[in-house]
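Which chain is which? They are A, B, C and D, in the order written, and residues in each are numbered from 1.
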Amino acid sequence: MITLTHYLVLVGILFSIGLVGVMRRTNLLMLFFSTEILLNAVNVGFVAVSNYYGDLSGQMFAFFIIAVAASEVAVGLGLLILWYKRNGSIDLNSLQSMKG
Amino acid sequence: MDHILSLLVFFPAMAGLLGFLVAKESIKVYGISVSAIEFFLSIILWIGFDGSNAGYQFVEYYPFIPSYGMSYYLGVDGISLFLVILSTFITMIAFIALSIKDEIKNLIISVLFLEMTMVGVFLILDVIWFYAFWELSLVPMLYIIGAWGSAQRLYAAIKFFLYTFAGSVLMLVGILYIAFLYHDATGIWSFALPDWYRLQMPFDTQLLLFGAFFLAFAIKVPMFPFHTWLPYAHGQAPTIGSIILAAVLLKMGSYGFVRFSLPLFPDASVYFLYPIAIISIIMVIYAAMVAYAQEDMKQVIAYSSISHMGIVVLGTFAMNAEGITGSIFLMLSHGIVSGALFMLVGVIYDRRHTKLMRDFGGLATVMPGFATVYGIMLMASVGLPLTIGFVGEFLSLAGFYKVNWIMTLLAGSGIILGAVYMLTLYKKSFFGEVTHEDNKTLKDLNAKELTALIPLVALVVILGVYPKPILTTIDMSVKKMLVLLEKKAIDPHTSEFIINVNRIGGTK
Amino acid sequence: MYEIIAFYIFSALSIGMFAIVVLSKNALYAMSALAGGMIFISGFFFILGAEFLGVVQITVYSGAIMALYAFGMMFFDTTRDVKENIKNKKIAYTLSILSAILVMVILCAPFFSSAIQANYPTIQNAGNIQMIGLVLFTKYLVPFELASIMLLVAMIAGIVLASKKMDIKVETSNESQVVKEVK
Amino acid sequence: MEKFVYIALFAPLLSSLLVALFAARPKILFTGILASALIGVSMIASFVLLVDVNAHGALHVKMMDWIDAGNLHIPFGFVVDQVSVIMMVTVTLVSTIVHIYSIGYMDHDKSFNRFFSYLSAFVFSMMILVMSDNFVGLFIGWEGVGLCSWLLIGFWYHKHSASWAANEAFIMNRIADLGMLMGLFLIYWQVGSFQYDIVFAAVKSMDVAIVTTIGIFLFIGAMGKSAQFPLHTWLADAMEGPTPVSALIHAATMVTAGVYLVIRCGELYTLIPHIGFAIASLGAFVAVFAASMALVNNDLKRIIAYSTLSQLGYMFVAAGLGAYWIALFHLMTHAFFKSLLFLGAGNVMHAMHDELNIKKMGGLYGSMKATAILMSVASVALAGIYPFAGFFSKDKILEVAFNHGAYYLWFALFIGAGMTAFYSFRLVMLVFFGEKEYTKYGIHPHEAQPFVIYALMPLGLLAIIAGFFEHSFEGFVTRLLSHYEVHLSHGTEWALIAGTSAIAISGIVFAIYKYSRGGFSKSLENRACYKLLINQYFIPKLYAMYIMQPFTVLSRFLWQRIDVRIVDFTVDLIAKVIYATGQNTRKMQSGNLSDMLRWMIVGMVALLALAIFFRPMV
């Protein structure tokens, strides 16, 4: 029997994979991909909880997260392209203008 | 009369906002008239005040955030009445004496906002609002010191701000915790001080909470060893800043002791009585000696403030009607006298652009009027009878004598040391031959300065000769508070102590 | 039984796919793997009885988002391997594993198992899509409308950002000079 | 009669305030006359009250409430009884004469008006002191005379020494005042009131230890005002003030306030005879101690100042031994002849153009006969020769000491009497007779204006005849003060009188004999004991070295080391540590998103860990 715990473990694994990506990659596009992984992991968690507790809120949240992810990609990619056109690189190490 | 307290609190701020519209040329007149109206409002308050009612009067109560028991709650009693009048009076006088020319508009508006916070602190009975006013008072003062001060003004302003700010953070925690305790005990959220007065707290909790409040008040007073912001703030602040700082802002700390520490934590107050008394004595003697060593006239007065505030704190913790009434009266008298002394230093600073005593000497010859007023204020400062300074000092020390006579003797040495540094200051700057060339052509007080100073001199003498109306009003509220203290104390020793220090006879 | 098998298969596949995304040097591979992973995730949704979300996941993620990425990639040189200066891998792994464990501990801690009352319980005798429709257009109507506005704004923003002077080839050197001058 | 009380009290205040209006103006003769007239009015009122009190007994007036707090109620109340009326008469009489005298003396001073304002203010304070019916009222006057003394000693404030002496006087008095304040507090907490009648009624049923403490504290106050050892140094330095001030304040009135206090508290001190005896011993010590310093001093005014100190010692002996009326009597006679002596000295100073060294005078008799005669009268009175005033009062004090069986005290006073006679005539001889030293300095002395001399006449007269009022005085005063019985046989009494007179006369004769022959040889001045005396037993130096200097050093140390280096440094250190932390952690902000993300996750892990270990809502 697959319990909620199974799903949560899975979510944890997926989330940590996302985290690895976020930390490891310095290519901005790859960073975006990793973010998608994080969001997806959480979505799975929400839906799983929603199912096991019979509460629709989890699904609603997942639904909104998908909406947010979509808009994030739209704006993010736009910015990314703009940046690439200016600098010819989307490597993180090339943007350090916030150095304190 | 129903909303006179709200009017008192917010009229200066409203006028300050309107002040942005006033032309630069007429802003000073505007400031003086606003502060004068405010002063007359406070006098009307006094006239309307029922001298036989010890409780809060002119109470205004509106729910603010009812779900958490926060309310807009104003009220005045004998303890706060005169501090309000002092605030409005000193602000008015400081405006009259104002001699700063540049950016005067911003200065006057800042002071008007400051006035709102000062009056607010003394009138508000809701603790959250009290905390808000308490902290807000820092902002205009920071601006006044930082923008119009002398060379090291930024350092002084930031030190003043951070030091006092850091002190009151713990107070906020304490406030929230008491509210929590109150909720636990009664099931209702309330931040109203009169409600809190009825709350009995366990002894250990009292100790902790007393400590949290103590730090905030001690820094504001300022008590040794938290006093070092004061000399800088005074040394760098413009005259008007020093006047208001010394006359009113310091009183917020000692007012806090009377209003919060004693009635909220009677057992802890008695428990910590001796340590606080020792700190006060150190303050009195130490600050007096440091004042003697100073070369800057303004620093002498700054340190003398610390010394006098020591006696105020001592009187407060005497826990008897004489001591507390005396300490409140001493707050008033110190407000008037130190305000006047700072104003006088400002007068000479405007003329010579120095405050060092060695640059003067023989001023009595060239500026006899100035020397006379200075002399009167000096005598009031050393507590000569028939001046305002004596009454408070006498009562505070008399009150504490009942608690411990050796400590009173030590604190009383402030009377001697006060004479030492003040007379040395007077001798160095006013007596002797005029040695400095620039000093020979100094002009005596002009009409503007006289207008500001004469009311102060008059008050010093009148209240020195006839302090009774003020004393009886204060005394009434203080006695009521003492009854509360005695009833509320959870440790029977505390009640016994309070009864004992209020009883005639049986002293060693 | 069928559920268990499906769960494990999907888990293995999605983990694998996402691992490729994170570890691959080639952007094209990474993107393809991501698209695959998304679809496997939708598989979980189906298992969990959230058919609507499963469909949305496929259309929005695998369809729209991946398409966007694909178009985006056209601007970048994807044939080359992504050159990354990756430092301190160990820290990254340690931290992520640590956080995973912590999240697990918290999520599986006893407090979670205590009874939670459903705010919006699943409605009997109604399909998943009906239920979602009911909740979405009653309780979540305002957030839903806001989300739509957000999407609209995002769309316009994406177009504006990406299409600005799209017809002009910007000289990298010139632009960076302009940027410098502005600074 | 009440209005006379108010007239006597407020005429000086009115005078002071009116004259103060002209304080900054150049000299206006009118101010002097006005002030003198108003003080004269006060004197007349005092005499009226004297008659009234004699006829109808004490008068009690309550003007208004002053302080009201807790259980404490202090009114402005005044009592005119036998003691205070004697003080009032003495004070106003001497004050009037000094005021008139000052018109002449301060003639050329540019701060003429200011002087009269201060002087009248002093009289007002003194009147409050003696008339008040409670201890705090007395304290008002007590501090008030201190203030006026400060103003008047430092009257010529451009002189460094004057302002220094003024501050010294004020501060020394403050030290003693603290003692007195403590006494007042103790009284308050024991009795709950400061009214004399209530306090003295309560004292009788009080624990002796507490009464002793009160007695000690009050006497500390008295020591300061009356310049008793070890708080005596200010009196000699106070001679920096104008001479009328020295005459009024530092001889006749203010310095006797301490004696007045002890007399006033007689009912308290009779309960604690051991403290009384200690007071008497201190008095006897000061009587000899001060007289010895007067023996060698060459400063005209300082000699008289030491003599005042010595006579105050006599008064304390009487007061300490319980002979209050005798102390009061000596206080009164002393006021007359000592102020006369000072005012005469003022004439001499004027004649000598403010030269004070008596070695530079001599032979002034020729040019200023009237002054010489008046001063000689005063000196004889001081020495205690029959039938001058000093004889009656001083002799009584010696009798009291002997009667009390305190033979050491008696002997000290006896020696003191001889010394007194010697130094007063040393002064008279050196100033008025002998070689005319002043010619070497090109000074042309001249007699003071006639009205000044006339003004001194009453004092001269009183110095001669005041003693004959002894019995009526005793009868009058002892209605309030306790009687003092002398249990000596007539023979012993006569022997004592003879002995005292003998030593006084021999002192005078010795002085006249020695100084008519050119005085002592110079070699004496190298002796150790001479050095000791001329340096006032090195006490001022000791004070400077062991009190003032360490105080200054310690103050500077506290400021520069403790306050700036430790207290403030600690505060700044906290700020610096925080600032440095910021500086160091700045490196975290590398601007690299990867690093930031890493930090973010570190933070997240930390928060998660926290959430595990502190789960508040379980």
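One rule holds in what follows: contacts are C-beta pairs under 8 Å (C-beta built on N, C-alpha and C of every residue); 3 or more make two chains touch, one makes a residue touch a chain.
Since the structure is predicted, the reported quantities are computational estimates derived from the model, not experimental observations.
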Between A-D and B-D, which chain pair is linked by more C-beta pairs in contact? B-D
Centroid of chain A to centroid of chain D, CA atoms only: how many Å? 91
Distance from chain C to chain B - Cα centre to Cα centre, in angstrom: 62
Just give me the whole-number Å value for how far the CA centre of chain B lies from that of chain D. 36
Multi-chain contact residues (two or more partners), chain C: 91-92, 95-96, 99, 103
Contacts with two or more other chains, residues of chain A listed in rising order: 19, 23, 26, 93
Can you list the chain D residues in contact with two or more other chains? 594, 598, 601
Every pair of chains that touch: which are they? A-C, A-D, B-D, C-D
Residue numbers of chain D touching chain A in their complex, please. 586, 588-594, 597-598, 601
Report the residues of chain D in contact with chain C in the complex, numbered from low to high. 594, 598, 601-602, 604-605, 608-609, 611-612, 615, 617-618
Along chain D, where are the residues that touch chain B in the complex? 23-24, 64-72, 136, 139-140, 143-144, 147, 150, 154, 157-158, 160, 162-164, 166-167, 170-171, 174-175, 177-178, 181-182, 184-186, 188-192, 210, 551-552, 554-556, 558-560, 562-563, 567-568, 570-571, 575
Going by the contact rule set out above, which residues of chain C touch chain D in the complex? 87-88, 91-92, 95-96, 98-99, 102-103, 105-106, 109, 111
Flag every residue of chain A that touches chain C in the complex, lowest number first. 1-2, 5-21, 23-27, 29-30, 32-34, 36-37, 40, 43-44, 47-48, 50-51, 53-57, 59-60, 62-64, 66-75, 77-82, 84-88, 90-91, 93
